[in-house]
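The same chain A turns up in both complexes below, where it pairs with chain B and then with chain C.
Our next item is the complex of A and B:
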């Protein structure tokens, strides 16, 4: 008899995680490419560009921001998290050793890694943007407020970016898992979300999405902000695990 | 010890019954052929055993545990079929390396030798392989993983005759050197019967037969000759197939419960006594009518 091998959950998760990093390495490459494209767009000046003129003086204010890079990173990460829940990618977990729990946990690991990578590179991208303007000058005067940042601010910025990316990818993954439960949800879930947004826009009293956004955006304490994200993300992860734990595969 | 034990196992997909009240057990270190016509429930049974699908009712145990979503079963079971999902980004040699990390008993030397023998290109991507090449690659991974339970579900899809023959040899060689439990589902019973020890025959989700392969070959016998004589000899016996030959001549396949003298008498009475191959027997036992396709044309 071939001896039976014992595999602990943790062992399986680690192996699947490494397998995912290796198989989806191209995600990191495409993310950087997307960020560079966003950087190019941002380098020309984006939102809030305006000109004021009086007498014979014309003042043109151009706003340069790393937000574009971050938004592109969010979209990329979100797409990636949904893709992981598609049947083909789910089935890869069952080609070799794994259970539904171990597969989900390896996916968490992968998405957290992707969030770390995306958050750090997006923040560095905005530093690169600053450098470009510092050295090229952009033909004008740089208003220094918010231009120079301390290493502490840089790290905080990175941490916030990473946490937001983890939140978005978790939400994407959860939505993907929900949609996989039944084909009709592929239409119903987006319809529900879009419908609610319009409903909220039409009714002043309804404040679901604005409350949700304020819950994170208005939080001034870094500690509480991290706690909120970790809590919500954990709930979504647990939900995704529970919803997919009885699902038939292959 | 039994590797798989099934009692009253049923599986429904909505209103379709895929398996119905199936009971059997598979002993460790045997090669079992799982045969049956299309839609008999072979793949469903194997996927339940591998822990991919949930049973609807009854009991199934693999390595003494319920297999669904079971890490222990997954770690000791390898399931090979023609739609094994593998990352589109890895080439064949990277995929082998990845698979290797999952299985402690993995034999990398064997994998590389087989790889070489079947002249697979290590730098090619799995998704770009032809159907037969894909099957060959999946088979190599399945054999090299050396899992205590190895399941091949229609593993020869797209393989040419030469590759299939090599595969059967490879499977047998590796099994003899490293005994383990192998289940092989296939339509080509004639090709694989020599390597099988047991045959489990399914029909419409139910067990029709579960026998050692050598007993299957003697299970039935065919008598051919004048209709009345055939009828006389087969009276009271279980008739599996009846075919008309010409005006007054028929062929009947019946359960082989004849004594030697009875068979000699049949010969003396002018009947031909013919062996019924395992493949033909399985076809007879699973067809809906005793006359087979002929019944479609003889509507009397």
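Our next item is the complex of A and C:
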């Protein structure tokens, strides 16, 4: 007598997601390490110096910013999302009762969680940077303007960071899936991107990357910004799922 | 075992960030350098400069007399000398009516974040030599924070670059100025290498 247990897609995704959270915990730890390194660099002052003088008075301002921590977090998240598409990590999904679809959805869930973690910790890292300077350097030396971040701004910053990280991780995941289609793409895709950057730098009328960046960075409406990211991330996810489904079974 | 280490790392890191967050909002805000940046006030720099070139600094709101020196002088030649070889001086000279027999020096100050940290000028007259002792060279170093990229995503103000150096320029400009009031019939001499005299003629 045979017994068939039907596993729903949602159950399969849940199991794989929980497994990945535990097995890939090193991704989160690597994010922590990268943020601490970024904090170290940011504490030294990565934003430059500005100075001005009048007669016998000279004023110099050394500039600091938490943006460096966010940028390092983006790079780490991007790298991790590409790594997730490598054969070693992809083949782990075959240990589970499921499909490529459930595996991909679990990966997406993992990347969204990593984005949440990264966005919140990167923003709080900026607060930690301010505290380091305040408690070690003397509060009297720190200019008040832009040192304080209101709770509302903090929450906004976190939300924006999370959304950007989701976008970058999705883009990295999609690029990783594309590269897995054919080995030559491993070289062709980066070459295409780098070539495009150089071409744009040499030709002022070509502004593909600039327009892409402005599309997100200059968006001042929270609703439109969120919509843009969610839509584009969704399209990239769907594209990644469809492309990976085209690959032969193991 | 490894998973336990990872979990501990993440918990410790999270705890550090949360404690940092609590500390950040508890620290006293008056411990920071209270320099309020108002980009609109940069336009006032033009007003101060124009007033200085017309010898009318004393007529501006916010500019006050910090010290005044008066000397009797009946000669026709005055040598202005800086007693400080290391600091280059710029002094405004306002011509007063001829034959008054009086030379005066006035130190004007404007209330800015640097004003209370400044030493005064010292002016003495010895024969026909007017000795000006500079308050010294001041160097103020500050730490400034740029608004984080993600925090400023929806802020219209972030479209403009934070220009600390321009904002601070407004605060140090004309914070301390020395004006000499010298009769029109007195010839003034000075060494341009040590002291710059901006002469404003009597209207």
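Everything below uses one rule, namely that the second predicted complex is superposed on the first by the 236 of 250 C-alpha atoms of A that agree within 3 Å, B and C clash if a C-alpha of one lies under 4 Å from a C-alpha of the other, contacts with A are read in each partner's own complex, and residues count from 1 in each chain.
FYI, a contact is a pair of C-beta atoms (placed from the backbone, for glycine too) under 8 Å apart; a residue touches a chain by one contact, two chains touch by 3 or more.
Because the structure is a prediction, the values reported are computed rather than measured.
Aligning the two structures on chain A places chain B and chain C next to each other without any clash.
Angle at chain A between chain B and chain C, computed from CA centres in the superposed arrangement: 160 degrees, to the nearest 10. Legend: residue contacts after superposition of the two complexes on their common chain; A:226 is shown touching neither chain B nor chain C. By the touch criterion defined above, A:130 reaches chain C but does not reach chain B. Applying the stated contact rule after C-alpha superposition, one finds that A:154 touches chain C and leaves chain B untouched.
If you count the residues of chain A touched by chain B and by chain C, you find the higher number for C. With both structures placed on the common chain, the touch criterion links A:52 to chain C but leaves chain B unconnected.
Looking at the shared chain after the overlay, A:22 reaches both chain B and chain C. Superposition on the common chain A brings chain B within a closest Cα-Cα distance of 7 Å of chain C. Touched by chain B in one complex and by chain C in the other are residues 22, 25-26 of chain A.
Considering their complex, residues 1, 28-29, 47, 51-54, 63, 69-72, 74-76, 79, 83-87, 89-90, 94, 98-99, 101-105, 146-148, 178-180 of chain B touch chain A.
Touching chain B in their complex are the following residues of chain A: 1-7, 9, 12, 15, 18-19, 22-26, 88-89, 91-92, 94-102, 245-246, 248-250. On the chain A side of its complex with chain C, the touching residues are 22, 25-26, 28-29, 32, 47, 50-67, 70, 119, 121-128, 130-131, 133-135, 137, 139-149, 151, 153-154, 156-158, 160-161, 164, 217, 219-222, 225. Taken together, the chain C residues at the contact with chain A in this complex read 3, 6-7, 9-10, 13-14, 16-18, 20-21, 23-25, 27-29, 31-37, 87-90, 114, 134-151, 153-156, 162-166, 168-169, 171-176.
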